[in-house]
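Chain naming follows the written order as A, B and C, and within any one chain the residues start at number 1.
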């Protein structure tokens, strides 16, 4: 059974509408991708990039999902759905799909089994499975034996394992849907290098979706920009497309190379401009602080001495697993110190006592606000509007408990916040249905609703596009100017640089 | 609008089998079961109606599950599995948390707590809307509960199957067409009756027949409220988050 | 809780004759014995079954300490059910102790002993099955030897892998909710369960895409990287299970205590 070479992709007037949507995700798409071509697929959020990849992988079926299809999408002249089924029966794959979420791409409990899973489904004879598994694992430079448990792998290791599972099937076209968006910089580098090696080795083509374009450029021959609900907006070699479409791409959230990339975005929010510090009085003081997550025996962070000051930023950075987030959670009063002390000043505590972790949740929320890495962890209400009202209500009921009266947040206050974070048109939407960038803005807005003096953010720019990044950065600078303290745990070098200009950096 | 009609499950041989099963049920009803054999001191003859109903629905359920409209897609199976796993985790917590409650109450009152163990069956069926979803989801949840370790050990798995069947019968009876509030409450009731019967057979065989009946009724009430109403509310809320969009239950929502 | 949940998807392979048997064989044994014991409530059948099970324990590869650690929780269920029957069960025979409505008679004592022994005898094979079997091997056996539909078995196995992940998510959710100003309580708990379900379903949907993209679910034959053998030794284990059920039932019938529950 010889593996066929890279396939030819053709879309003719192709369109897809999801069963629950009124608008078409993709419509009127005409596109031809030559065998072995390496294409970067760009477009604003909602332009149907992921839908196109799912379609190419042969996973969209109007009969099964109730969606609507127009036109044709062909791979080597065969409809993609049929191409997938024929390939499975023939014992190899035409396309290989790698998605964003590392956790959702591990299927089985042992590394070897996970790679073998696809081979089994393609009915590869038992005797050929294990040699192929070993070859695929070697191909991605996987450091563990086949019996190793998938439970404890890091995100980057998981993505490489998933890639091995895909490669074992010998696909001629890799479909990569933001494969490094949820990885730390080291993990992302490794995955990218692995993909580069694999493309070189196999001669396979690839279609890549990615916002952070720069590091991928050496791999790419062609850039295709999709228009939301429409066809192709721009198409050509990377140099030309980036030069001609700088502004529209930046508006779509792409970190446009040559436009200064992220530092371009940072430039717009004023790195280096020293904001006049308001106050600078200490709000939180850590002495010999050791921090750990619930259920953790050994604290990964020990002997931290630092001061969080009004109007000043504190960037917590360090290698993967150094405990950046763990320290942030402790500073936010969400975990008890494992050792040492975290003391709130009287100015911050306002009578609630010196230990933030002992404050009632209703007290905490008006003093220290925390933005989690995944906004979905913090959603508690059925609409955006109600989501913003929750914090002020909690504060009010806390005050009521103490003083017998309180004024809950007014509608106008909430309206103001919605406008400030460009969420006003979504006031009645369910928070879970928002896009990634909108969810991030909402999670920040919910924290601002209770006007805490200290803001703690855990990887706030994680997986965000350039536009959300710039908006978030501008907002943080503005808040610092208002005299808030900003603490951010992050591995985003540009964000660290920005915050360093307004305060200090702690490297773990 | 623009919704594609799913292929009708009732065509050709499938229809004959289903009609045959219903006819068998009617036959059982007409002839009647013998009064000489008894269950819990109740002559089997008194159970003619429920048994006839069960035979009829089981036939319908089995044939419907072979229909294309009833074919499980991968996403249906995986989501039902994940719901089962989440349910199993909640069982594991409830097994421990409900111990003081259960020890403070004697049967038949203790049957009040069973509803929590029934919700994956109804939830699974409401969310993925496929024949067998109630049994499958409940079975996965029960197996995980046994795997984590609980005081009932391996029999948890049998319980899961029987509880799931109790809910499944209701969805089958309605030909897997109805997933509304009333259906959901009935399915909760079905699961409650199933667990009530099983408990009285395995754990309290020595109870008086009247007390057993009360036990079953209390279990049913618990199933209606916690598993029936609870799962229905949960499904509504889940649909609003858009998480159910790839599933049949998410597709009935208005297009946005 | 978390401690219980870590490593749930992977267990050490057992080397003992019964412990290393095909999981399908162990499952059959657990099923046969539990069905035989569900049929009757009598101390002789249950007692003989339990005694035979305990006699087979040395070949199960489950040291007593480990057994107790995983099965004390079954004792926890067996004893209250026994005590309940003792106090409130149908009275018969001579009264041993009477305190108002609560009477302990020879009849209720016999029932109590029978019920306690029965719960233990049903539970033990299940404990051995679960403690000596790796879920992946169980799934292989279920789909290859017992011919259960592999799409369901493998999906359940894949979902099982999310357990540890969901436990972690639960802890993060607890902190995230405190950060939003929500105190711990019944209502907050309900909201947190809901949030966990949303996350679980989303993950499940992506996982389904991953699996389909690797050819899962296409209506075509499938091969297995590891063949699950059901050999002579496995048949012996099943035969042993049938033997336990048969000997116990025969003993109960001979002793005249065996009574078919459903009549």
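List of remarks:
Following the convention adopted for this analysis, a residue touches a chain if its C-beta (ideal position, glycine included) is under 8 Å from a C-beta of that chain, and two chains touch if they have at least 3 such contacts.
Molecules present, by chain and UniProt name: A = Energy-coupling factor ABC transporter ATP-binding protein; B = ECF transporter S component; C = Energy-coupling factor transporter transmembrane protein EcfT.
Keep in mind it's a predicted model, so treat the numbers as computed, not measured.
Among the pairs A-B and A-C, the greater number of C-beta contacts is found at A-C. Chain centre most remote from that of subunit C: A (centre = mean of CA atoms). Computed centre separation for the pair subunit B/subunit C is 20 angstrom, with centres defined by C-alpha atoms.
Averaging C-alpha coordinates per chain places the centre of subunit A 40 Å away from that of subunit C.
Multi-chain contact residues of subunit B, defined as those touching 2 or more other chains: 73, 237, 241, 243, 246.
Counting partner chains per residue, subunit C shows two or more touched chains at residues 135, 158, 160, 162, 198, 203, 207, 209, 211-212, 216-217. Among the residues of subunit A, those in touch with two or more other chains are 432.
By the touch criterion stated above, subunit B contacts subunit C in their complex at residues 37-39, 72-75, 77-86, 88-90, 92-93, 99, 103, 106-107, 127, 136, 140, 143-144, 146-155, 157-158, 201-208, 234, 237-238, 241, 243-244, 246. Across the complex, subunit A meets subunit C through its residues 54, 57, 59, 84-85, 87-89, 93, 95-97, 99, 101, 103-110, 112-113, 116-126, 129-130, 133, 149-151, 162, 165-166, 169, 293-295, 329, 332, 334-335, 360-362, 364-365, 369-370, 372, 374, 376-380, 390-391, 394-395, 398, 432, 446, 450. Of all residues in subunit B, those touching subunit A in their complex are 2-4, 73, 237, 240-243, 245-246, 250-251, 253, 255-256. Residues of subunit A that touch subunit B in their complex: 18-22, 62-66, 68, 382, 430, 432-433.
By the touch criterion stated above, subunit C contacts subunit A in their complex at residues 2, 6-7, 9-10, 135-136, 157-158, 160-162, 164-165, 169, 171-183, 191, 195, 198-199, 203, 206-207, 209-227.
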